[in-house]
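In what follows, structures are represented as structure tokens.
Next come two complexes built around chain A: one with chain B, the other with chain C.
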Partner chain A sequence: MSEEVGFAIMPLPLLLSLPLVLLAVGGYAVAAAHRPGCSRLVYGVTLTIAAVTLGLALAHLLTAAVPATLALPLGLPWLGAHFRLDALSAFFLIVANLSGGVASLFALGYGQHEHAPERVLPFFPAFLAGMNLVLLADDAFTFLFAWEFMSLSSWALVLAHHQDPANARAGYLYLVMACFGTLALLLTFGLLAGPDGGYNFAAIRAGQPTPGLAALVLILALLGAGSKAGLVPLHVWLPLAHPAAPSHVSALMSGVMTKVAVYGFIRIVFDLLGEPVVWWWGGVVLALGGITAVLGVLYALMQHDLKRLLAYHTVENIGIIFIGLGLALAFQANQMYSIAALALTAALFHVLNHSLFKSLLFLGTGAVLTATGERDMERLGGLIHPMPWTALAFLIGAAAISALPPLNGFVSEWLTFQAILISPELPQWLLRFLVPAVGALLALSAALAAACFVKAFGITFLGRPRSPAAARARETDRYSLSALFALATLCLLAGILPGLVVDGLAPVVGLLNGGARLAAQYSQPWLTLVPVGEVKSTYNGLLVLLFMALSGTVAAGLIHRLASNAARRGPAWDCGFPEASPATQYTAGSFAQPIRRVFGSIVFQARERVTMPPPGDSRPARLEVELHDPVWERGYAPVANAVVAISTRFNYLQYLTIRRYLSLVFGALVLLLLGMVLWR
Partner chain B sequence: MRGLAFDIAHLLAGGMVVVSFLLLYQDRVYALLNVFALHSLVLALAVGWQAYIQEAHHLYVTAGIALIFKAVVIPTALHRIVQRLGIHRTLEVVGGVGRDMLAGTALVALAILVMLPVTAGADALAREDLAFALAVVLLGLLLMVTRQNAVSLVVGFMSLENGLVLAAAGARGMPLAVEISVAFSVLIALIVIGVFLFRIRERFDSVDMQAMDTFREGRRK
Partner chain C sequence: MALIADYLVQGCQMLLMLLLAPLLTGWVRVFKARLLRRRGPSPLQPYRDLFKLLRKEVVLADSASWLFRVAPYLIFAALWVAAALVPTFAGGLPFSWTADLIAIVALLGTARFFLALAGLDVGTSFGGIGSSREMMIASLAEPAMLMMVFTLSLLAGTTELSSVARFMLTAEVGLRVSLGLALLALVMVAIAENARIPVDNPATHLELTMVHEAMVLEYSGRHLALIELGASLKLLLYISLLGCIFAPWGMAVVGEGLTAYLIGVGAYLAKLAFGGFLLALFETSIAKMRVFRVDQFLGAALMLGLLGALLLFVSRSL
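On to the complex of A and B.
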């Protein structure tokens, strides 16, 4: 017994000292960013530290150790800084440091091409340290401090290439939204702590909020964590900010920082808020998740910028995760804990999966960006010839995010659907109608995602080069390739051995679900995944892989066997390209056009206009597409306009005399004192 | 004895309010400085008396600081500044003594109305002291708001600060370090303001705030 306790308490101080090392490396990089080996050193250290953190967290989760806590005399004097390592934070530490480590490995090669290393190297370790600290924090002050630290260091990374006005705008919008999100979280913790100011998470857990207060906390947590995660309609900053950063940072922001936001939501709603769950909470989260999933993928389809497309897919996947969380809330509210465990497992599994394949895809885009200098798909093409390995890894990632078996994306979405299929057992009629509708949205988004990645992979890697830069591309370096294939392998492994991941998630689910978890999967024969019962549904990724391999081999063999070797003569088929110009190929725009016609005319008020020059005019005919972003135009633009109008109105306050300013202060003071007297 | 101690403390704190009123209607610069010296002297007495009845010996230091710096050094320094600037003959245009007096009276009433209910639990001495201190602070602000001359602004600021010290002395348990640092900050403020006065004068040939304002750039109507 004493040994067990000793083991449980040991890792936390070590885990806390690692971010300090990261900060020290960041500090070193401030001074030495331009020295020749500094980039290698920084990324080497972040890789090592991420690996150590990953190992410690994995050990904690797999041994199902008791939660370890630690209080340090830092921060607010009457509160101190509290840290805690439990199954939930261990799982998210694994997610964060897996991607963090692989992104560092990638950057060992990719970082060499960075032309402004002094703007990236100091902040990358700080960003990683901030995310790890958020996951370990055990009081509101430490949590918010680490959260802001994470936001600000990532903001600095977004502005790494600040000369581009688009990046500057992205950074500004990100900062505004991050402030808004933190404000919401601040209010959340304020409500949770109550008037006595019990900001320690242990004290918050012990408290019993009234239903009205709890509902307010849920809404605020949705606003605060949702704005960081990218829930529609709080997502507007995300597709601008994530692509603006260097690619390995984009991978971390999309793959990990959004997960840290999901962690914040889970920590507040499932852990801190405790039991009093009302059924409509699940409905709200579900509806938001469904809308986010579909809108995210529709936005993504309209994009021709590879990184922005990926960023919009992050929005979509966050929607899928929130669908799982909403289902879990709905089932928990009806005391159906075994099914809530299924939904939670699905959501957490998707958290892991999305961090894997989104990092893979962003890193792959980084490789393409280094090779060609292009992010616009319309200027890429044919890259599978010069960059076959990158193309293979990107294809695996694309198949995984499109939820194709036997890869990991399929498993988590399949699990989500299993939970959706049990929804008719819910007693509330509204939920009985809502959940299948959200299921339909989920199915729609999965199909659209597949369409989107056919476009992304096909236009980027297949066909012929659409620009000289794409024609000159070369395969990326070995560090980057090993990072890409590490992630691709993990995507495949998590897809064919899902039972192991589900078992690994069991302690986390038990922690959030009052002890109820899915049955252990390792005892199932042939590593089959049996979430509810054998009569309902089973999935075996290994079998699917074997079947695909076998049928593929047999088909290839048969074709080789039966096809004739005799030479045939026929008219030369020009593949539909009578001219040699690469402009005659299918483009990203042409891939998106059918879907734009079906959905875009409603959602984005898409209008197409063809301008034909009059006869005799030598100008080419033009097809112009006009898209409107409904969220921006209806939600944000009015607010921004109102702020500008009000500030213009009060601008004269900047040009008063000293006496006027003094009079204002004096008047305000007297008014407040008067208010005090009268109000009493 | 207790009754007498209370009465004297009351008298001195009330005296500060009265002197603040005296400050309000001085229209000559020298007279303003002299009254300010009187203000600081009364403050020193009030703090010293508090030190005696509270048996808080560190308050004697505060009283000493008030006496030496605020009653002697700062008024003398301001005298010399005024002399060197050559503005000792300028008449301050006070907007209307009656108006200011009425406003000041209202402010004192406000201070008492605010402070007495808030400090219902504290002992009578601290309550009176705090109410008078707030009144002195408000009167100092009023002085700053109603005057045009930069020197008057400085004096208003200093008298406001005197009110703060009075409040600090009345509240028991205020550490000495805080009072000393406040005193030093005032000294530094004096030096900075003095330098600025000369700079302003060099540039604009006047220390009238109204005159300065016309030079401001980018002014929009």
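On to the complex of A and C.
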């Protein structure tokens, strides 16, 4: 055995032992949560473990090592526990532990303010450990076990502040949806394993499902992974549960756990199901992605709770990722692997990007929450003055998520657009109608995201403080700031050096795409991104940044030197009628009013009612806004009502005599036996 | 040597954009005045305004933050870079591959993002009204523009502007329904994005109807000068874009020599003059619409763009 192979197999046992350390720390925290320094210890250990995991995964991906496997005699006796580290797992491990590590760094400062540490400290490392185990699992049982572990530990974190009835409701809804998702995944793996029960992923890969079965698996995987990722209409729990947790946990749930769900989808559909792909699969995923993207951002625009706004934005970004995946499926179905590589690269790039800027934004919100105790934007404002550094980091995140060049969000959306532009080559007519429509939806969601983040940043950080709490804010601590700036720097770096990220993704894309991947980008002059070929299109974030910096500084230098650099402070002009009260500023609600009127009147049946007092009456005029959530009111409420109605109807079954119960049991037995006889 | 010459042409182009931008704005104003039978100011008036503003001191509101002071430079830089990427008198310049048409649209988005934030920074109601309406307009204009980009790149097989312009000169383009739809969509977007009548009125200070002017209400001195110059650059960018895509005649290709460049500059100036004239004519012949009609106007642009792209998607194999 050569030395290289030895190196390639080495990291897996180490990677598997790291979650055990996390669990041990969690166990220690159960006993010692209130001891001084326990918070520092827990987050210090999670930071270290995440950093080591990140390093190992990065080494695996960059050296393009062969997949390593490991079987342990745990779990089901006839199956054991199988683990595998391949390029796909390594990439998602990087995503998970990058955000996980930075969130731990943030929590070194932020965690000091936690008033119920015993409800957070044990579960935070367990949550991270659960996610890492999902990414390493190589059989259905281990996968589902880790998946449930991840769900339940995050559920405990959602209920960290359970006294708030809204949080309790969020936790309940989350539990119901998580159970539903796991049920769908259980059925998925059941179908994949077949009657012989080959639950090992290697056995599933070798199997050849019939087309009908494969389609059923796709639908179930969409339900199972999609409900965890937040695909419309399965997203309802997400904007309630993610904001309910402490902010560094929200960052992990939104930035990482949704990505683990995306991983589950990719693993099942691209890897386990394998070839052949039918073209309409791509159509279904594309349409779902497009609808999710636009609805997510429209929901987000209607929010004035900062964390809920961010959570709805996660829904939008999951939509963008699924658009990329849907395109990849459509191209794979037509054997256009080189273009499928482009779409897959775009989707995976967006996975990385979203984990970076969504973690950044949630952590920034955490800093705001510590400083003011508020997350309602209508009571914030002017925070850029007391918190200039937090504001700068949040601004970078907001610009990145709005897909503005030269930051990273733009690159992945640009790649998705490039993939869309090649789609007329697709032979199926339905796809040809669908793809430009999805392109329009993607463009619409990008533009609306910019509007949404002008609102989020502008109302929270700019203007004048709208409440005494906002006026008293102080800059956050150094740990939190370093976490924020680490993520902001990564957003910028991924934006100006996208070629390096694309090259790093190449082994993952090759794994999922029958070996086809994008051409190596690092050899391009000036690190230009050339996904398809020079005649098609190119983009160079580095040069755009350099040009902008150059022209901005030259203009500033010349003007200050040659013209004038005098400045004077004075009261605001405001067309001659400045008003001292901060209540005269635009609020989050008024900022979104034009968009609510244009889009919301269709999607949310938004209605505005103005009640004007008669002349002479000194009461204030009132504006009432009425919004309807179409998904909840049309989809979930009827189901919930039906469940309640049925259970009320059968409530009397709880109060029968023993005689009646016995006859019921007997009747059921007879009925079942009869059914058996008829079936045969 | 040839390489240095190419870079020189690139630099000339960037400077030319900067120098021409106020002239175009002044030119449109002159035409509008003449059409209204006024004498109007000299076309050089925007230069005088800019120099006056540059020399004046800045008055900052008490509640203005660092973002308010940085934003004008950022907006100007983004708009200048975007404008410099549009081929004017010569195509195929060394930096034309830095960013394609999608990136140019996104750079305009960057400028708009920071302008809208600057409008919110001081915390006045006018700034807010301007920002929120600007973002509403942009949320429809940007997708419409991207749909137009789709149409073009499906035809030309690239999103890189110089190549698109070169393709439009070839005989295989012909008259196409999609191109007509794209032209219409781009004109509508250009009118909305440059805050012209009927979407917004660049000459007004009537508070409740203005969008762009409301956002920059608190700016003064050199900051205002940069924002005004940026707005002029944006107008120039859109007219150059229309010229380079739908009327690419006379454009030189880099390395063709001085005569070709001179012809290119002449053709470019003629296109600008004609474009400015058409804009003035259009603006004087139509009334401003109220804010909540704009969404229908831009929604129509979006649908036209989508229709153009859809036609191409469907007709690819026919």
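Going forward, the second predicted complex is superposed on the first by the 651 of 680 C-alpha atoms of A that agree within 3 Å, B and C clash if a C-alpha of one lies under 4 Å from a C-alpha of the other, contacts with A are read in each partner's own complex, and residues count from 1 in each chain.
The working rule: a residue touches a chain if its C-beta (ideal position, glycine included) is under 8 Å from a C-beta of that chain, and two chains touch if they have at least 3 such contacts.
Note that the structure is a prediction, hence the values are computed from the model and not measured.
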First, second, both or neither for A:T345, with chain B first and chain C second: neither
First (chain B), second (chain C), both or neither touched by A:S99: neither
First (chain B), second (chain C), both or neither touched by A:T476: neither
First (chain B), second (chain C), both or neither touched by A:Y655: first
First, second, both or neither for A:L404, with chain B first and chain C second: second
First, second, both or neither for A:A440, with chain B first and chain C second: second
Superposition-derived comparison: chain B or chain C, residues of chain A touched: C
Residues of chain A that lie at the interface with chain B and also at the interface with chain C: none
Touch list for chain A against partner chain C, complex: 381-382, 384-385, 388, 391, 395, 399, 402-405, 410, 414, 417-418, 420-421, 423-425, 427, 429, 432-433, 435-437, 439-440, 443-444, 446-448, 450-451, 453-455, 457-459, 462-464, 528, 534-540, 543-544, 547-549, 551-553, 555-556, 559, 563-564, 566-575, 578-579, 582, 584-586, 590-595, 597-598
Residue numbers on chain B that touch chain A, as the complex places them: 107, 110-111, 113-114, 117-118, 138, 141-142, 144-145, 148, 153, 209-210, 213, 216, 218-220
Of all residues in chain C, those that touch chain A in their complex: 54-63, 65-67, 69, 73-74, 76-78, 80-81, 84, 95, 97-100, 102-103, 106-107, 109-110, 112-113, 116-117, 120-129, 131-133, 135-136, 138-143, 146-147, 150, 153-154, 157-160, 163, 205, 207, 217-218, 220-222, 225-226, 291-292, 295, 302, 305-306, 309-310, 312-314, 316-317
List of chain A residues in touch with chain B within their complex: 651-652, 655, 657-659, 662-663, 665-666, 669-670, 673-674, 676-677, 680
